[in-house]
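Here come two complexes built around chain A, the first alongside chain B, the second alongside chain C.
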Partner chain A sequence: MIKINNLNFGYSKHQLLFKNLSMQLSNGHIYGLLGKNGAGKSTLLKNLAGLVYAESGSMDVLGYNPAKRQPALLEQICFIPEEFYLPSVKIDAYVKANAVFYPNFDHPYFTSLLAEFDIPVGQKLINMSYGQKKKVIIAFGLATNAKLIIMDEPTNGLDIPSKAQFRKIMASALTEDRCIIISTHQVRDLDNLIDTVIMLDENSVALKASVEEITDKLVFKRVKEIDETVIYSEPSLAGFNAVMPNFHKEDSKLDLELLFNAVLAEKNKLKPIFN
Partner chain B sequence: MEFRDNKAIYLQIAAYVCEHILLGKWKVDEKVSSVREMAVTLEVNPNTVMRTYELLQNKNIISNKRGIGFFVAEDALKNVKDYLKTQFIEEELPVVFRNVYLLNIGFDELETRYNTFVKETFNP
Partner chain C sequence: MNNTFNIQRFGLLLKRQWLEFGKIYLISLLVALGVIVAFYGFALWKAFTYADSFSPRDLNFREPLFLIFGFIFISIIASSYFAHLGQKPKAIIDLLIPASTFEKFLTGVFFTSILSIVSFLFLFYITDLAFVSKLRGMYTSVEQITPYVHNGKEITSIDHIAYFFSKYSGRDKFLPLYFFPFFVTSVFLLGSIFFNKFHYIKTAICVMIFSGIWTAIVVKSGEWLFEGKIMIDQENRNMNHMSQNTGEWLGVLLIVTLTAIFWSITYVRLKEKEV
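This part shows the complex of A and B:
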């Protein structure tokens, strides 16, 4: 569904954010895009959606080059940015003006999502709280029935019940022909929703692996003492939370925060395991 | 359902399905929740639920009827018990044994406590 080859991108010509970044994404998955502040998560998403243009390299999204911004591609992309602007109109007017760009827009589904998110329909968008606005654009984005769904920090601003609703909605939104990419720092909001982890660091992809592959190769567990097999560890109440090679085919639960810190701290030890 | 923090999610979902079968909430030949329904209920990725269902299929606990969905298999009850027993013996019993040994708990005491527990919990 998405092929990125040797992408070079920078906001200034002298300082590249991505150097020869390559990656392939396929449909039927929810990808979790992780990285430190400034690692380029939002920028990568903007590249995919044709909102910024690379210096060089090639990008193929559903058979199109997003930088050309052809309507046939854009109607298949739903992009939920972290920062957004909504006009001073009510929801029905907003839909009337914007849904026409998406030939597969599903009005009854949109209505049901608004109800699920408990959105006051009669209110002007501009008078809603940040969280309510966010839920409106998430509902609108999913109702477009786009094949590529890109979400930048979608759970920011959502209250506690809305986060659970969001997870339910995303679990049902994943279909065989859809590709969902979610960038987030709130890993605990989403860790059971993501099936493949993409981590950006130092101008490129530091790790891209499915949860199954990660827990096949690594084991995450609490240990009392640290020995030389431990790749990375953090002290905890009852010893250490450790990441180590999965020599004994143990089943463990992926700890995304621990993995994140392990990738940042021990890239050289992890690289050979995933190649 | 509350997920614990140390066990793979697809295995926790498997335990959840097994418990439903053991408690008779899902009976032999009855349809189990679809992958999508289960994913929505538990707020997890549908691919994770698919992995669980593949595991349970391999253990002959559920079976896939093409085009209709997943059903509780004929010998599910026996197979669930075998599966859970193996897991208990491999994972939980060593922890119990360790404490029994470290705390010098005698088998007589264990037996008495076990009998009281069964009486209080299962035949009140």
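This part shows the complex of A and C:
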């Protein structure tokens, strides 16, 4: 579905954000894109949507070059940005003006999503809170039935019940021909939602692995003492939260936050495990 | 699917842009109407209030009002059209609408060069019609004069209270003037996408600088070519060898070419626009 080959991109010609970045993403997955501030998460998403142009390298999104911004590709992309603008109109008017561009737009699904998010339909978009607007734009994006859903910090501004609703809706929105990419700092919001983790660090992909692969190769557990097998640990109330190689094929739950810190701190120890 | 131009998609885009642009545009029209009515009212209130106080000179304000305010109106409309692309949240939504760049550009040309010019002409026409009709009802407008021939026609009377547009009908027209509004809007439309902030001021400054340089080049090259020389072909001192018509058509060609160049650059800038 998405092929990125040797992508070089930078906001300044002298300082590249991505150097020879390559990866492939397939449909039927929810990818969690993680990285430090400034690692290039949003920029990678913008590259995928054709909102910025790379210095060199090639990109193939659903068989199109996103830089050309062709309508045939744009109608298959749903991009939920972190900062967005909605006009001063009611939801009906907004949908009437914009949904026509998406041939697969599902009106009943949109209505059901609004009901699930508890959005007042008759209100003008401009008078809604940031969280409500975000829910409208998420509902609209999902109702387009686009094949590629790109979300940049989608849970920012959502209250706690809405975050749970969001996870539920996203899990049900995944179909075999869809690819969902979610970039976030709020790793806890992605718990039990993503099936593949992509971590960006130092101009490239530091880790790309499915949750299954990660928990197959690593074990996340609480230990009282640290020994030489521990790759990374953080002190906790009853000892240490540790990441270790999964020598004994133990079952453990992926701790995204711990994994994230482990990748940043112990990249060299983790690299051989995933290569 | 045609990824360059589709008439149905273009129609939908016009409708969508009207939703975004329409309200501000209608408010601008109201303001413009207010300004034109205010000028007419201020110039003619005495003629309406006191009997026999009208002088044909009272209507002399119309030419500068039409030219100066018309320039300001169409240039402001053109300068605001792509201005929102300088703001990240608005730019993302707009660039990702599933329509081609060419369709987005054509929509811009329609709103700034066609709709704004037509609506200004209409506003000016109806205001002039209302005020001048009232004047014509109060005063004698036509004066019989000693007949004379102008452009092959015999002139027997002068209409002192002529409608603005009929005043110039039948006269020799300076053709480039008809194309000048399109040139103005093309320059300011380019400014609206070229700059990220203060579009109008920056475009106006650029226009002034380029006009200054252009004038200086023409004057200096004229001085360099003709200083200290005298015209020896006295019979052709009025440049009769190049008919007025040819000169005007050359002017039209220059303005149309420049307009096409500015529109082309605007299209390329829109295509290259990044967020």
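Here is the rule we go by: the second predicted complex is superposed on the first by the 275 of 275 C-alpha atoms of A that agree within 3 Å, B and C clash if a C-alpha of one lies under 4 Å from a C-alpha of the other, contacts with A are read in each partner's own complex, and residues count from 1 in each chain.
Just so it is clear, contacts are C-beta pairs under 8 Å (C-beta built on N, C-alpha and C of every residue); 3 or more make two chains touch, one makes a residue touch a chain.
It should be emphasised that the depicted structure is a prediction, and the values quoted were computed from it without experimental measurement.
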Next item on the list: Put chain B and chain C onto chain A via the superposition and say whether they clash or fit.
Entry: fit
Next item on the list: Scan A:57 for contacts with chain B and chain C and give back first, second, both or neither.
Entry: neither
Next item on the list: Go through the superposed model and pick first if A:10 touches only chain B, second if only chain C, both, or neither.
Entry: neither
Checklist line | Which superposed partner A:30 touches (first chain B, second chain C, both, neither) | finding: first
Item checked: First (chain B), second (chain C), both or neither touched by A:239 -> neither
Note to self: Contact-wise, after the overlay, does A:253 reach chain B, chain C, both or neither (first, second, both, neither)?
What the structure shows: first
Next item on the list: Would you sort A:88 into first (chain B), second (chain C), both or neither based on which partner it touches?
Entry: second
Note to self: Let me test your reading of the model: by the given contact rule, A:101 touches which partner, first (chain B), second (chain C), both or neither?
What the structure shows: second
Margin query: So if I put the vertex at the Cα centre of chain A, how wide is the angle out to the Cα centres of chain B and chain C? Nearest 10 degrees is fine.
Written below: 150
Checklist line | Where chain B and chain C come nearest after superposition, their Cα distance in Å | finding: 28
Check: If you look only at chain A, which of its residues touch chain B in the complex?
Finding: 28-30, 164, 167-168, 171-172, 174, 192-195, 211-212, 215, 220-222, 251-255
Checklist line | chain A-facing residues of chain C, complex | finding: 1, 3, 6, 9, 12, 15-16, 19-20, 23, 84, 87-93, 95-101, 271-272, 274-275
Check: What does chain A use to touch chain C in their complex?
Finding: 46, 49-53, 68-72, 74-75, 77, 79, 81, 83-85, 87-89, 93-94, 97-98, 100-102
Margin query: Which residues of chain B touch chain A once you look at their complex with the stated criterion?
Written below: 3-9, 11, 36, 39-48, 51
